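Below, each structure is written out as structure tokens.
Both complexes below contain chain A, partnered by chain B and then by chain C.
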Partner chain A sequence: MIRAVIVMNTQGKPRLTKFYDYMPPEKQQELIRRVFGVLCSRAENVSNFVEADSVFGPDTRLVYKHYATLYFVFIFDSSENELAMLDLIQVLVETLDKCFKNVCELDIVFNYSKLHTILDEIIFGGQVLETSSAEVMKAVEEISRLETASNTITLVPKSISGWRS
Partner chain B sequence: MGSSIMDSLFQRSLEDLIKGIRLNLLTEPTFISKSTDDIRREIKSTDLHTKSVALQKLTYLSALYGLDMSWAAFHVVELMSSSAFAHKKIAYLAAAHSFHAATDVSLLTTHQFRKDLNSANPFEVSLALHCLSIIATPQLARELTPEIFTLLSSSKPSIGKKAVAVILRVFSEYPDAARVCFKRLVENLESSDPHTLSAAMGVFCELAVKDPKSYLPLAPEFYRILVDSRNNWVLIKVVKIFGKLAPLEPRLAMRVVEPICEHMRKTGAKSLMFECVRTVVTSLAEYEPAVKLAVVKIRELLVDDDPNLKYLWLQALTVVAPKHLWAVLENKEVVIKSLSDADPNIKLESLRILMVTVSESNVAEISRVLVNYAIKSDPEFCNEILGSILSACSRNVYEIIEDFDWYVSLLGEMSRIPHCQKGEEIEHQLIDIGMRVKDARLQLVRVGRDLLIDPALLGNPFLHRILSAAAWVSGEYVEFSKNPFELMEALLQPRISLLPPSVRAVYVQSAFKVLIFCLHSYLFYRETIACSPSSPDNFVTESKCPGSDSAIVAADCQQDEVFNPRASNQFFEDASAEDVEDITVTHAQIPNSASLGKDGFTHESIGNLLNLIEMALGPVSGSREVEIQERARNVLGFIELIKQELPGLVKKEGNFEREDLKFPKIIELMHDAFSKELGPVSANAQERVPIPDGLILRENLGDLEMICGNDQLPTSSSFSFGIPHYREKVGLPQSKGESSEASTESTSLLAEHRKLHGLYYLPSEKNDISTDYPPANDPKLQDNLNDHAKDLVKLTEQSLLQKKKPNHAKPRPVVVKLDEGDEAPIAAKKLELKEDLLSGAVRDVLLGNEDVSTSQSNLTDKSSSKRRGKEKLNADQPSGPKEVLGDVGNPNIGNSSSRRSKHHGHGKERRHRSPRKKDKEREENGQKDKQKSSHRHNRHKSRQRADGPNNVVTQTPVIPDFLL
Partner chain C sequence: MALSGMRGLSVFISDIRNCQNKEQERLRVDKELGNVRTRFKNEKGLTPYEKKKYVWKMLYIYMLGYDVDFGHMEAVSLISAPKYPEKQVGYIVTSCLLNENHDFLRLAINTVRNDIIGRNETFQCLALTMVGNIGGREFAESLAPDVQKLLISSSCRPLVRKKAALCLLRLYRKNPDVVNVDGWSDRMAQLLDERDLGVLTSSMSLLVALVSNNHDAYWSCLPKCVKILERLARNQDVPQEYTYYGIPTPWLQVKTMRALQYFPTIEDPNTRRSLFEVLQRILMGTDVVKNVNKNNASHAVLFEALALVMHLDAEKEMMSQCVALLGKFIAVREPNIRYLGLENMTRMLMVSDVQDIIKRHQAQIITSLKDPDISIRRRALDLLYGMCDVSNAKDIVEELLQYLSSADFAMREELSLKAAILAEKFAPDLSWYVDVILQLIDKAGDFVSDDIWFRVVQFVTNNEDLQPYAAAKAREYLDKPAIHETMVKVSAYLLGEYSHLLARRPGCSPKEIFGIIHEKLPTVSTSTVPILLSTYAKILMHTQPSDPELQNQIWAIFSKYESCIDVEIQQRAVEYFALSRKGAALMDILAEMPKFPERQSSLLKKAEDAEVDTAEQSAIKLRAQQQTSNALVVTDQRPANGTPHVGQLGLVMVPSSANADHNLEDQGLAQENGTLSKVDPQSPSPSADLLGDLLGPLAIEGPPGAAAPTEQHAIPASEGDPNPADALALAPVDEQTNSVQPIGNIAERFNALCLKDSGVLYEDPNIQIGIKAEWRAHHGRLVLFLGNKNTSSLASVQALILPPSHLKMELSLVPETIPPRAQVQCPLEVMNLRPSRDVAVLDFSYKFGTSSVNVKLRLPAVLNKFLHPIAVTAEEFFPQWRSLSGPPLKLQEVVRGVRPMLLLEMANLFNSLRLMVCPGLVSSYFFSHGPLSST
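What follows is the complex of A and B.
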């Protein structure tokens, strides 16, 4: 399964983190730092895989892709195929690109929750559930609609619903 | 008050927060802590919108800035129950991020989860499932199993696939859920929705990786997917599953190898092809044509410029290499070339391939190539290379090394590579080879000498450990040294002050050994000249020595000395008259000095030697480092003693001969002390020590500490055997308290102590010598083996000496090998004991599954045709065969009334399913019972659970039926 997804910029600032096993926030930050330490020491045009046993425990691998100012990092174990993971990063980035029209780091910085929505449509509890960016887009749009609708509806009865439970 | 209203009116949104952080880059920590204070206030708001925004900001800060948000857990639960989708979404995200097993409020979420799982809005269901897939606890999983069971057959694919995927977490938290949901999960393998199928395959792949054996009965379903599916994601998973199943069932492997090869030939997706190749080389390596095809594919892609593909194919090659060396040979050029690739992954992988191919015949060649690469490489890869050479060569006690002279020289060469940081490992191997391989000692001393006399090496801190080993080897095996005087100069050169104290201490001790050797050789030489050939009875064996080559004789002596494993103990403890005799008898056989003495040892050179030592060690004797100080003082004190005993040594030569006809006993004793063989000690030697009668090791030693305290002994000292003995020797009244050590209460404590030591060392050594290498020139070891342990304790050295046999020349040197086989089984046992709860429960269900098939095939010979009929029936009424199981494999339903009633509760919730459900419950209960009482009775279970291999055997009749 996929253990974690991390998006960070080339300065090591995380932009999106998702750990599919619980990890305390400090531990997450430490792992992100160590991942960045590994990534920034790698040259361009080398392979995208890193054995991550020393960072994430036995039987873990890390695959990353470098787009402009961002690193997209997936951590996974032997139940996943390395090349498929590489493709999945591509799927994620393509979806973001469609979603934000020429995605750049700022889009990712300011659309934190939308990013989660997109990622959650692709990966569910560490399992890959959707690999078509069109399908992901459809679901994401519907969820966004639902969110805005619920926000406007709740403008009036929100205090009531607050008392309810 | 006013401010809170202002805050709620002008609450910062997440976007404001992000903007703020970006504006306050320099004061980021202050800004974040201020924002956290805001959040803490806002989150308490009764207005759900304010609360949700606060929670969203908090989640953001926690995920990206590592802020603790465990304190907000209750607010998360509150917000989860909001009816607004947007709030719910924020709350579920926060819960997925921050809840864990120890979050107590997660218990409060059960109801909300149930409500959302039953929601008409598929996106709400999806939110809840998402969150569950990350944070489900055993309680949540147990309570929500019925809901998930329902969702498994949801008509909406977007929900169905998520329900399937969440199963993984549910099973791992609450294994018993498998009894309810497993059949539904299997049904999803036939789902028409590709996403659901893909999700199900993902789940089965995860499950099968953990415990493949349990999923063998599902092989036919997987096989169908392997042949029919056109979805690469699904195929990758199914190939992975077969990679796990095939090794368990040869006939299955036979069946799947062709379809997998077919995919390999046809697929355009490199990911799928790689998966097929990997599966073939790892799990189907016996199928020559398949492996050949895989290697062809590897070769085609190995030349690819894409570093990712190159890396992965090299990886596949690493897997093939051990069984199919030809595959590497065919690609040798690419592999060697990859050693200088720009990509560290590729370099490392090609190094691994090379190391896999190392064998007796090519180790020298490969090591040569690699060492040359290492010299040119960057420090990191250089050490990677050296490390893998060292570990490959030392594997299994230097199994692949034929020529130890070559290997020892290689170690010396590696030490001199500028980037070498493997000092510790090289140090260990130099000493280890010295102890294990007698024939390598000459070369070791040579290599050691070369390292020691090079003053440039002293400046490199990475080499200090190696120099320590070189010094130790040179001192320990000084009899092989061509020029002990030169060695002494190297050991005492002024630049050794650059070394750390621990290494210098080794240097001083080695100098001591060299000194003793020189004195002994010199005096022995004098004596043999001075005495008539008919020496006193002490030197009975001497006559055999002159004329032999010094090295061989020395080796001979070394072996002979192994006869006296206790001699050194005796020397230190209490040399009785008898023992002294033994020692002298042994020591009469150190004659090689005679041959050396002829060329090197003159009266003058010995005098110079003593002066050199006094000069060099004089200042050190005041060293602050106790180890150095003590050893230096020992040497100096010894020289003083010698000067008193042998005043002739420092005088003019003329009066020497008359004065010193007698061989000073002190030199004999010291020489004896240093020339005892040191051998390797097994890691588990201590376990083999038989526990003396009456000694209870597990007894609480609480009172011992008190006693030790009374004795003013440091309480931190380990509880060795020594402490009680010491006390009893002193005769303290407290020793009575230790009735446990009854045997040691006798009066002859000293004898006991010695006996204990005998017990401690002798049997273990006897066992330690492996019989893999017939100890042709160690015949006494075999004699030892034949003796009873009891006799060994009392065995005198004389009796051993009589068994001495002549030396034989041998092609490969004997490598003393410890019997390390003992350790592996212990580890394996532990692994077995640590069985996964999850796989245990899942296996229960699947074994139940298989019970049907066996019972059915027992019922009728035409089972296969009948089965097919049944399977078709499954499509309509999937739990059909399981109902049969419920009746057949469930003899003790009655025992589990309490559990059954509980499950009836669940049954009621889904009335429309109740008839089938009941059967399932019965089956579940039966299985639960089985699980509970598997060790008591129930034939099915005990047969299948007895152990792994049997299990597979009992299953074998099933699979071909399915497959054909």
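What follows is the complex of A and C.
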């Protein structure tokens, strides 16, 4: 099971965090800090795996990928395959890339809510839900359509009610 | 982007981004929270759009690490909004902010259920996602049937069904009863026929969870998993969007192989053959290529295949092929693959037969110890630790020692502990062990715990051959300009005890030894000073008749510390000063430390405790333990020293010096040492009490008390043994024609031990044999304490166990000689195979002076020790009793001619026979029973 997904920048500021086991906010922040402490000291061209037992307790693994100014971090237990998790990070990033056309940190900062939507289409309750970024895109686009559609609808009743009163 | 389109949120986010420091950020956040709070108070004026905006802001603030303790109700209430955008944000925020035990969540159950059973698929998806993320037990109970329906519905879109599968998995984790095994196993098998790979991936995760709990019920899924693997491996019917860098959905392949690892074996030969074909194809068809992502994906599949091959216990050929592959991986450039190569090789260690092939890669693994990546270095260390055995211990430990100086601090502690453990477990000879530990202290003193140096002292104390060597080594280290305090402690201790053995070497006169140790005194902490004081006292003791100059120097130090504020130091200074004025008597008082009784090494124990008890690691542990015993044989075959090695090389904790017991937790041991240091070991007539003291802490009880006669009568009666002589016939205790007469009645002692678990089994003027036992089900763990009561050794000690056919017994090595006044502990493992009244016999012999003694002693590993009392009520008892049909299962006997006993006394007796007395069945009668444990 995937325990947590953390996206943070290279200064350690969280951009997206999702914990699939409930954790109080202070604890979350502490973990984010400690993960950052480990990641920022790692050189380039080393493996993507970090011992996480001391941070998250026994039977946890941490896999991360470093893209430009962002770290994408997955924390999970031994029931998942490390390299498959690494692939899943790649799927997440490729999906973001398709969604935002060359994604950068700012896209992620200002489209915070969209990020949640995308992540929910890839990971569901700590399990891998979808691995095809094309399928994820389809689902996300559908949601966008719904949102715009209902946004226009919200406008209509308002004007109607105004007209009635 | 159309999706967010919330200006207020964007503005807030850029405000936060523009904050110069944390303080400004906090102010901005507080302002926003205040704003949101007031808006929520006056809820009526809020449009759903505004609510949505504020709730997103809350979530953003929450992510930044601020506690958001209000607005939960608003978030939850958005769930019941009729429009999609509000509902969506309600669901997303609720699943981020709330946990499954939150009260508000309960309020939402009905709305959530309506969304799930409603016709709107987008609502269904939202509801399923929320339940899948935070649904608890209550959700499981009320929603599971609906979710199951969605999953197997043929009219639902794959988008909904894959979410339903994972949602069901969550609910199953919260309450396993919601998935009815009988009804669901067929459905599960049908789900695996799914063509849509998204639904199949989710269903496979569900299957993994189900089979990990109960593989029996899902047996029918096994061939289907193999079919899926075949389909993917051959790339049949895999749509383009599920091909990831040319590999057909690696996740599904991985999950499927994971599911297969939960089935213990594959019995059907056809299925097994097809699976091995697929696995072979994966193992052979994977190459390291340039594209990192492709590499990762293909190796994800490959490593999972390796794990499955290991699980299936394939033929040796395939295993060697796997090791060869792993050997290739640990040398590739790609760090991820190097990492996993090492990790999987460690896992491979538990597979028998391949260790030798793994050893061929030792050089490469040692190279990985210098990898730039600490993750890889750690894996390499684990692997080296796991693969270490007697044959390569020297190389590996020396490599670890060398690496220690350059290793980063994060690893030094682990590294030194592992080196110490390996050195102890697999030492080819003891002087090497001493070398290793001293080097360890020298290089990483900060990381060497007291346990480690205590162990060295124990070994040296118990092995006379080792003493001059260890003392010489300690002397060498003292010449170094700067040494670690632990090194000061250990060398001061060793030189105090054994420096007289070096007296003829240059630089080793008592004066010089004293000088070089005393140089260190100003640099050490208060915990070390007492050890140094003891060393000085020992040096004085060894230089009788004393050198007045040295004596004055040392006396001056003692009197200086007589007023020390530290009680331990003060006491020693006062005592040593007083004692050393007694001249020759000092020699007796401060004689060399006696040998330590053997116990399990606290270090090895620590190592065992530290290992997480996962299946694979315990397998490795098992192997290590087996090898330990081999190593022991090596060390035990040292006929020259009579050191009792028992079980493991284990010894006890060491007192820091002659009568320094302050850091001993073991009170009993402290007492023992205290006694010893005041007693002249050469005393010509040791009293029995003295020995009692010596053995006291080792839980040997005195002769059985007045209750013994009663018990003696009771045993045959209660066992229902019609002919007590039967048992006696086996052990002809009367045949003994020894000149040495036993003290006490052997039969009485045996009878007493049948009822209790520790006591004296045998005693004569030369030896006392005590016994201590622990019984668990059909296992028994006994320890024989062989105590030499004399001032000279007992020779040709032999202990043979003559077990009856129903007991499996294993006695650890018994040393050939028992040193004067020493006590040897010999563990004895007993396993009961079936019930029988036969008794095991210990054939024990030794030589003392000219007389040789041979006794045959019955061992109290009798039937009742394997009984396990259970309490039953009258309602339970009588139906069972009636259902038994006569002998041998049922015996009723009336015993006559027994001295009447008090009811309470009788109850106690039954209890000590491990029979349960169930009061109130029939007045004034007892019914005793208990199931017998045997394999």
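In the analysis below, the second predicted complex is superposed on the first by the 154 of 165 C-alpha atoms of A that agree within 3 Å, B and C clash if a C-alpha of one lies under 4 Å from a C-alpha of the other, contacts with A are read in each partner's own complex, and residues count from 1 in each chain.
Everything below uses one rule, namely that a contact is a pair of C-beta atoms (placed from the backbone, for glycine too) under 8 Å apart; a residue touches a chain by one contact, two chains touch by 3 or more.
On a predicted model such as this, the values are computed, not experimentally measured, just so you know.
Contact with both chain B and chain C is seen for A:48 once the two complexes are overlaid on the shared chain. Applying the stated contact rule after C-alpha superposition, one finds that A:40 touches neither chain B nor chain C. With both structures placed on the common chain, the touch criterion links A:125 to chain B and to chain C. Within the superposed three-chain model, A:114 lies in touch with chain C and out of touch with chain B [touch as defined at top].
Contacts of chain A with chain B, set against its contacts with chain C after fitting on chain A, overlap at residues 14, 16-17, 20, 22, 25-26, 28-29, 42-43, 45-50, 78-79, 81-84, 86-87, 109-110, 112-113, 116-117, 120, 124-125, 127-131, 139, 142-143, 146-151, 153-154.
Across the complex, chain B meets chain A through its residues 14-15, 18, 22, 46-49, 56, 60, 62-69, 78, 81-87, 89-90, 93, 98-101, 121, 123, 129-130, 133-135, 158, 161-162, 165-166, 168-169, 195, 198-199, 202-203, 205-206, 209, 232-233, 236, 240, 270-272, 274-275, 307-308, 310-312, 342-346.
On the side of chain A, the complex with chain B involves touching residues 1, 13-17, 20-22, 24-26, 28-29, 42-43, 45-50, 78-79, 81-84, 86-87, 109-110, 112-113, 116-117, 120, 124-131, 139, 142-143, 146-151, 153-154, 158-159, 161-165.
Per the touch definition, chain A reaches chain C in the complex via residues 14, 16-18, 20, 22, 25-26, 28-29, 32, 42-43, 45-51, 58-59, 78-79, 81-84, 86-88, 90-91, 100, 109-114, 116-117, 120, 124-125, 127-135, 139, 142-144, 146-151, 153-154. Against chain A, the residues of chain C that register as touching in their complex are 1-6, 9-10, 13-14, 17, 48-49, 56, 59-60, 62-68, 83-85, 88-89, 92, 96, 99-100, 122, 129, 132-134, 159, 162-163, 166-167, 169-170, 197-198, 201-202, 205, 208, 241-242, 244, 249-252, 254-255, 258, 293, 296-297, 299-300, 303-304, 335-336, 338-340, 372-376, 378, 612, 614.
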